[in-house]
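By letter and in written order, the chains are A, B and C; residue numbering begins at 1 in each of them.
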Amino acid sequence: MSNMQFDAETVRAIEAILMVAVEPVAPDLLAQLLEQPTAVIDRLCIELAAAYDEAGHGFQLVKVAGGYRNQSHADLAPYVERFLLDGQRARMSAAALETLAIVAYKQPLSRAQIASIRGVDPDGVLRTLQARGYITEVARDPGPGQAILYGTTGSFLEKLGLNSLADLPPIAEFVPGADVVEALEHGLRIDAPAPDAPA
Amino acid sequence: MAFAVATPVFEGPFDLLLHLILREQVDIYEVSLSRIVDAYLAEIERLQVIDLDVATEFLLIAATLVELKARRLLPGRDDVDLDDELALWEERDLLLARLLECKTFKDVAGVFSRLADDADRSYPRTAGADQRYEDLTPDLLEGITATRIRAAYVRAITPKPVQRIDLFHVAPVRASVADAVAELLDELPRVGRISFRRLTNGLVERLDVIVRFLAVLELFKQGVIELDQDELFGEIDVRWTGGLEPVAAGSIPIDDYEG
Amino acid sequence: MSNMQFDAETVRAIEAILMVAVEPVAPDLLAQLLEQPTAVIDRLCIELAAAYDEAGHGFQLVKVAGGYRNQSHADLAPYVERFLLDGQRARMSAAALETLAIVAYKQPLSRAQIASIRGVDPDGVLRTLQARGYITEVARDPGPGQAILYGTTGSFLEKLGLNSLADLPPIAEFVPGADVVEALEHGLRIDAPAPDAPA
């Protein structure tokens, strides 16, 4: 840690606050409480996180969902899970993950828009995702019907261990490659049938 | 020709169609629309047999596929006009675009799953303030009324609904197609010639229309009717060519779409 | 820390567990989870506490109420207090509110009975509600095991502005929730949730 003399008190205060916080603490809030520029808070937190790593502690300081938090180190998960009897987290179903992916990249969007992409009624899945706090109603469609528009939450970012939506991989990376497109085109081709094709 | 379909649970019609097309990817030139359509219809039947939730969306995509396939069966393909040809391609491209979008988000979901698995290995600190600070932590009951306690209780004891699409009105396709064929065999020799629109006039359920359409295709395959369509999405003209002798329904072998 | 090579993993596991623990963790429990003699756990915890002090961290490892706990350092209390006053949202979680409501209407009842209604282990929530003075142990189940039976406190009634439990709004026979009504209107069948209901 640099400027140890000046920053030590701020760093110690950050450590103390993160110890009583129950959710990620925004750097702006830390900056306000500790009367330091946000940039200084961010720099100190990054240095602190690196110092924890270097010292080989069993915990980490990470930035998720726009704030800093302390968490147990991933490689100690077996011990932590033994301790927290209900520690094993429920895995999300394929349907939930796909719906979450659509909401994450296309937000805000309506139930009907999700249905048209997935080809199935997403009602039950949406309710589950909402109950778990991963998505929420973020707006109403201004058009007739005023459909509810959904978006992702901070809990979603926490669930995926991301700091912000900007950390999501660019959607362009997932556009199917030429081979897939070609296969699909062949599967749906409507040119003349082969002589032995069944009617 | 039979497709042996493994039994993964398909999340939707695009999911199923993607699966059917992409598993053929090893030999792209073996993929044909006919095989895909047959396999798709067979899969829908199987889904119903094992009583999974089958959304009507599966059947709507089935209708689109059957329509694409039917185009290839209709006579007069050589003199299709250019507009029709373009519209047909448009329809196919729309389906293709939806499949590609579906595939995109399936792949994203895979990445989300890995991110979540990694993140799940770290547990956040949620202990909050210890007793030393008890006086400072705001009263959690502030602003909470007895009515809200009551609402929370009702919420807690209410069984969480798990939605299932009720299928009691969705008859298995096989039986319905056979029935529809029997009906058509009774009706068509008497009327001789009728438009598909009129044939399905009294039908309310989209599924019934689809089943009628499948029955018409069956009769076309058996060579007892002729089909004509002047323009894309235009009236389909159905003409009985089976002669005046009554045809017993049982004498028409019904393709049960098992590939 | 002595015997660093042998103990490093155990020390890191202790750090991870104390980071996620809500209540002080008894040395016996740590010993059992980490498959070490209690004496070794105690020695490692004392060494770890000394190491934190020496490094000048803003948190401490202390032994309170028969267990070990990480907490913010006493000399940083002014910052922690500022954070708790400014930064903390007063918010009862949905889980806490539901658990409190169950205790209010069904008291006296045991942890297991609450678990069977809510479908999840209410342990952490019960502790919070108890620490806040909203619920308390009112009796012991006379049956085998003598489970603790919980009830609400006078302070709970006072805060809700009620004279007695009889003043709680009555529960009608059975009022289906809005989502159930909505599902029925959509002509969908409602089934009791399967244990493995998809997310």
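Following the convention adopted for this analysis, contacts are C-beta pairs under 8 Å (C-beta built on N, C-alpha and C of every residue); 3 or more make two chains touch, one makes a residue touch a chain.
Since the structure is predicted, the reported quantities are computational estimates derived from the model, not experimental observations.
Undergrad: Would you mind checking which chain's mean C-alpha position lies nearest the centre of all protein C-alpha atoms?
TA: When every chain is reduced to its C-alpha mean, the one closest to the whole-protein mean is A.
Undergrad: So which chain is the furthest away from chain B, centre to centre on CA atoms?
TA: C
Undergrad: Averaging over Cα atoms per chain, report the distance between chain A and chain B in Å.
TA: Whole-Å distance between the two chain centres: 32.
Undergrad: Whole-Å distance, chain A centre to chain C centre, using C-alpha means?
TA: About 25 Å separates the centre of chain A from that of chain C.
Undergrad: With chain centres taken as the means of their Cα atoms, state the distance from chain B to chain C in Å.
TA: 46
Undergrad: Of all residues in chain B, which are in touch with two or more distinct other chains?
TA: Counting only residues that touch two or more other chains, chain B contributes 123-130, 133, 162-163, 165.
Undergrad: Hunt down the residues of chain A that sit against at least two other chains at once, touch-wise.
TA: 19-21, 59, 70-73, 80, 84, 91-92, 95, 123
Undergrad: Okay, in this complex, where on chain A does chain C touch?
TA: 8, 11-17, 19-21, 25, 29, 32-34, 55-59, 70-73, 76, 79-80, 82-86, 90-93, 95-96, 123, 125, 127-129, 132
Undergrad: Chain B touches which residues of chain A in the complex?
TA: For chain A paired with chain B, touching residues are 18-23, 59-60, 62, 64, 69-75, 77, 80, 84, 87, 89, 91-92, 94-95, 97-98, 100-102, 104-105, 116-121, 123-124, 158-162, 169, 171, 174-176, 179-190, 192-194, 197-199.
Undergrad: With touch defined as at the start, can you tell me which chain B residues reach chain C in the complex?
TA: Per the stated touch rule, the residues are 123-134, 136-142, 144-150, 152-166.
Undergrad: Okay, in this complex, where on chain B does chain A touch?
TA: Interface residues on the chain B side: 1, 11-15, 17-18, 20-22, 24-25, 28-29, 31-34, 36, 38, 55, 57, 61, 68, 71-73, 77, 88-89, 92, 95-96, 98-113, 115-130, 133, 162-163, 165, 220-221.
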